[in-house]
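Per-chain numbering from 1; labels A, B, C and D assigned in written order.
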Amino acid sequence: MSDNTFGRLFRVTTWGESHGHALGATVDGCPPGVAVSEADLQHWLDRRKPGQSKYTTQRREADAVEILSGLFEGVTTGTPIQLMIRNTDQRSKDYGDIAEKFRPGHADITYWQKYGIRDYRGGGRSSARETAARVAAGGVARQVLAALVPGLSITGYMVQMGARAIDRARFDWDQIARNPFWTPDAQAAADWADYLDGLRKSGNSVGAVIEVTVRGAPAGLGAPIYGKLDTDLAAAMMSINAVKGVEIGEGMGAAALTGSENADEIAMGPDGPVYSSNHAGGILGGISTGQDIVLRFSVKPTSSILTPRRTVTKDGENTEISTKGRHDPCVGIRAVPVGEAMMACVLADHLMRHKAQCGDD
Amino acid sequence: MSDNTFGRLFRVTTWGESHGHALGATVDGCPPGVAVSEADLQHWLDRRKPGQSKYTTQRREADAVEILSGLFEGVTTGTPIQLMIRNTDQRSKDYGDIAEKFRPGHADITYWQKYGIRDYRGGGRSSARETAARVAAGGVARQVLAALVPGLSITGYMVQMGARAIDRARFDWDQIARNPFWTPDAQAAADWADYLDGLRKSGNSVGAVIEVTVRGAPAGLGAPIYGKLDTDLAAAMMSINAVKGVEIGEGMGAAALTGSENADEIAMGPDGPVYSSNHAGGILGGISTGQDIVLRFSVKPTSSILTPRRTVTKDGENTEISTKGRHDPCVGIRAVPVGEAMMACVLADHLMRHKAQCGDD
Amino acid sequence: MSDNTFGRLFRVTTWGESHGHALGATVDGCPPGVAVSEADLQHWLDRRKPGQSKYTTQRREADAVEILSGLFEGVTTGTPIQLMIRNTDQRSKDYGDIAEKFRPGHADITYWQKYGIRDYRGGGRSSARETAARVAAGGVARQVLAALVPGLSITGYMVQMGARAIDRARFDWDQIARNPFWTPDAQAAADWADYLDGLRKSGNSVGAVIEVTVRGAPAGLGAPIYGKLDTDLAAAMMSINAVKGVEIGEGMGAAALTGSENADEIAMGPDGPVYSSNHAGGILGGISTGQDIVLRFSVKPTSSILTPRRTVTKDGENTEISTKGRHDPCVGIRAVPVGEAMMACVLADHLMRHKAQCGDD
Amino acid sequence: MSDNTFGRLFRVTTWGESHGHALGATVDGCPPGVAVSEADLQHWLDRRKPGQSKYTTQRREADAVEILSGLFEGVTTGTPIQLMIRNTDQRSKDYGDIAEKFRPGHADITYWQKYGIRDYRGGGRSSARETAARVAAGGVARQVLAALVPGLSITGYMVQMGARAIDRARFDWDQIARNPFWTPDAQAAADWADYLDGLRKSGNSVGAVIEVTVRGAPAGLGAPIYGKLDTDLAAAMMSINAVKGVEIGEGMGAAALTGSENADEIAMGPDGPVYSSNHAGGILGGISTGQDIVLRFSVKPTSSILTPRRTVTKDGENTEISTKGRHDPCVGIRAVPVGEAMMACVLADHLMRHKAQCGDD
């Protein structure tokens, strides 16, 4: 991963700022002959789109994706696919106060320290709005996966909001699409609704943990030592705005286990090895085992909050800031489709890498 | 990061297997004129070397590094630096049983699934022995950092063994070098000694959490969006054998915080901004703030244990395995210098990247 | 260089087809604070624009570039710069015959063989129209060079059309902009005008040799062994449509020289070494010497000609083809600004690479 | 291509200096299960080895390659293959004079300008001795090609020495291995023997043109726009020491042709398209057509000659130099196996890239 491009064979380059003319992604290296349409991609973009419920920012963006290149008669040609999303509701004036002051916990100050440029328009390039481009690119990756590995599915969902975790005993895949938090625990959804409403009204925000599970992934994906599947997934998820931790399988909890507890015992099944458990999260030595791939990442609370915080101005004066813009009380909600998109892109990339080195002729 | 190379400008390519002739690292892109000697690198290798205490594998390897190229009259020339470590104590016969059976939780089975090759000699390329090459390369990176950023220091230490975490109130930097666990909490060291001795005698193993802190890092390192400093660090740490989770600053715990709690408030100090706290772990928007960079990673328990576990053979027969080789009861101990080495390499790389894009002429 | 991206630090990704909605380039890694405007870029695009004289294709394209991202208040921000050029005069019907038949000497057939897709609309991605994106990106590179190396100039010009070479004794820098062939030899320009008119009327085409000279380049650019300055320049020029050969300094003619003839003798001048000659073309061991960098490339004749040629259809039937579209009788003319643009991009990239490895702190 | 690594999927990193302990290559990304032995590689190294005839340097190097990693039971494992060649006949004292003075036409001065280091031991990293590592790596690539494309052959040969070109009418594939110049024209070989003997005795040197032909290459290799097959080949050949020009098919001569002359007409044959000619050199739009791939490169005369030339010292004093070491009167001879090796590596890389994007599942 480097600057604004990720992936080695299925390569995505994103561009654009929160309040510029447009933003987008160039998908390069895509296999030819894969069916892709604007509607296919829009389906996923609509899940990330702001203003869907009172729990996300009230900024109104259509987030309509246009495919400018790389398709011919409805299928990919093998040449770069340009995906563009125009910005329509910039309303830059909302950010007046921010033009001079840095938000604590926000990238405002580090972009200024690094580049000497203060693009105050909604966070500029550091805005989570960039993730729309990832979701569009992820939609292309999903079409590739559908063509190459028909049974594979990628599902993201929230497993913790603030200190409130779901109860795994109530886990229900069918609940995920039925609540604004993409959580598989209906009771947690109800609880969180009240909790987040309170935070939202007080102008505060809160963090979350997102889990992404891949079912039907083939064994053999991943290129040790530095192109391990989990290495690339860790990078992919950590690159998402506000993410501060990434876990595979047992994750940080693996520290607490003994070797005998942690061993996923193996037996021979009709279609290959089957495992007694999945502490590994479907990856051993950086290569997929064929079990479910299970990954989690934490999202910190939005830094744009009403509560006044001490900070400094661009000119180095001490001051206070209280951010009045239209922000997400729990940005983790909209990180769910973003995590899925990154997973799709990494898998598409690794499928191609595996084919190159180990595929049959 | 890709296959066996990591870094974009300060690039490290490692090679070699656990029980082959030798292993090593090629360091490419190093600035010229930096003083580097075999003794400089050996210092760090000796920290990772097996057989140092009863808590690490009893395999006896000198881990003596030879510099085959890239130096002239004691300084780097700007051309590739080849670092070679010969294997001396291979004792392949120890691994007889493993030649046919897969260890649960080990990369044996996935390398077989991916490559169709069963290099049973001590795990082959998937062995943690590969990390010696990283430590040697990290030694070069440390010399570069010493030349470019004099005040910078990198310190790794263990903060949790099994379920037993250190008490932060007892944190003492000076303790780290004084116990076999590289922990800053002397009391934890004593407690872990007993605990690990018991596990070792019973042929079991346990996980750990390692923390790495960088003091004196400059602000401005990191290249958003996909070359963020934390993105590259997450990848670097996740690529280490047995690592299952990576955290920056509050890490997974960031989920439990509200925006007002998580904000590191800013005030103007004599040398630039100062912060009331460091929830961010020294990185905002993927760019270093100038605060301490704080990172943690979990290491799962070694999968080579005496306790018999169900598994399958290469030929697909169900069986049991109990591994009698010379293994680490807590491989996390030797992961401490490896984590430091990866940190050094990532920082050297990002310093060069920053200089390229934003440096003065 | 890989697929649709070139450069390592100053990275350009181009996208788009001849007859799609638009085409463009993403410039990533650009230093911040560099003044760039659409007018700056348009200046160079207008030189490549079709329909400027009767010697280039009569397709009418405004080739107006829009900057969609990466600027703030007139300067670069260090984030990706998206450059888009809309297609306006596609007139796809001109290409009716080509939809089924392959043009001898054209990429039609190999794209079909590789991808199994027949995007007949004006050559699709293989069209020389793609080079507009390079020229736009080269305009950004020129601004970077102007900021970093004030005295540097890049000048491309035609030194041969068909078998007719210029007379070096008549070389006059001031003539280059005064004739439609960008040639420094006024007499050759007059001669070529007649010659090309004849070819154009008969529906034939002809090749050319372009030379690019860089004056004021600093010594020290280039990263041996595989990132040599001449290596990257050879790749950059060979990637241009229709280019079949690249030469540095004496080029292919170096074969005919003896060692004593080829040696550029060195003496000490007031500002460093001065050379008795420049057989090397300003590059030794892949690193610039500080002399003029001199490079040539050949451009084959356009394959779209009126003269009937035997060929096959998509379905494998033998047939004949005669191409009636609006094509360039000597596409080498419009390759001049493209060669300059590639040179600018490679130099900007190597300046940044040199700064990273060898720059002062 | 970047610094000391080339290739995207079949990746070669070379290291080492002319007079250091050893030099070598790391081959990463190689498909697993390919038979490779030291004897396979030695076969090609022996062709490049110095001291084979009176027409090459009299330095005596065994150039014995050792495989340190990446093989198990005689086949590749998919992990990095380390190839090491020890230096045995360094005799550094030969270079005494060179320690202080720069050879005109040699990389001595630019390495000094770039890195500020003067590794005078036989040219250090810039020595053509580095090409031994390429030939070893090329040997691995040949094994991969033999496994993937059985009928493919790569043959390099000299077509011009000084101003003396072969007569194509006398071209005989069988002659190539029968003379010290690897030329297909027996009469040219006899002529060159006398010519070069005279140059050698007078302490002078001369340039050459090498041609490399690939027979049996499949159609479809190459990844436009910036990863074209000819783009990568141009870079690969230009990276070889002393190369100043690269041509594909008609090369620089394409400029002199008209469109009707240059068109390789197409007809349908029993196994796909057949062509009336091969002006294109087997590549159209950057993708192989299935015809022979034909490439040429020029090699300038060795700069280490007895004839005294004016130059400067490291300290900036004007002086003269006359090089008395053991040098090649026509270094182009030993460039033949190097050109073949680079061709093999580029083809192996592109076969894997093609398989990744367009291969069947």
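The criterion applied here is as follows: a residue touches a chain if its C-beta (ideal position, glycine included) is under 8 Å from a C-beta of that chain, and two chains touch if they have at least 3 such contacts.
None of these values were measured; they are calculated from a predicted model.
Visitor: Once you count every C-beta pair in contact for both, which comes out on top, A-C or B-C?
Guide: Most contacts of the two pairs: A-C.
Visitor: Based on the averaged CA atom positions, which chain is farthest from chain A?
Guide: Of all chains, D has its centre farthest from that of chain A.
Visitor: Determine, among A-B, B-D or A-D, the equivalent of interface C-D; equivalence here requires over half of the contact pairs to be the same by residue number.
Guide: A-B
Visitor: Quick check: how many Å separate the C-alpha centres of chain A and chain B?
Guide: 26
Visitor: Between chain A and chain C, what is the gap in Å from one C-alpha centre to the other?
Guide: 39
Visitor: Cα centroid separation between chain B and chain C, in whole Å?
Guide: Spacing between the chain centres: roughly 46 Å.
Visitor: Could you check chain A for residues that touch two or more other chains and list them?
Guide: If we look for residues of chain A contacting two or more partner chains, we find 3-5, 8, 14, 29, 32, 78-79, 114-116, 125, 224, 358.
Visitor: Quick one: in the complex, what on chain A touches chain B?
Guide: The touching residues are 1-6, 8, 14, 102, 104-111, 113-116, 125-126, 130, 160-163, 199, 204-209, 219-220, 222-228, 230-235, 237-239, 241, 244-268, 273, 276, 279-281, 283-290, 296, 298-305, 307, 309-312, 316-318, 332, 354, 358.
Visitor: Would you tell me which residues of chain A are touching chain C in their complex?
Guide: Contacts found on chain A: 3-5, 11, 13-17, 20-24, 26, 28-29, 32-33, 66, 68-70, 72, 75, 77-82, 84, 114-117, 119, 121, 124-125.
Visitor: Under the stated contact criterion, what part of chain C meets chain B in this complex?
Guide: Against chain B, the touching part of chain C is residues 8-9, 29-32, 78-79, 148, 224, 352-353, 355-361.
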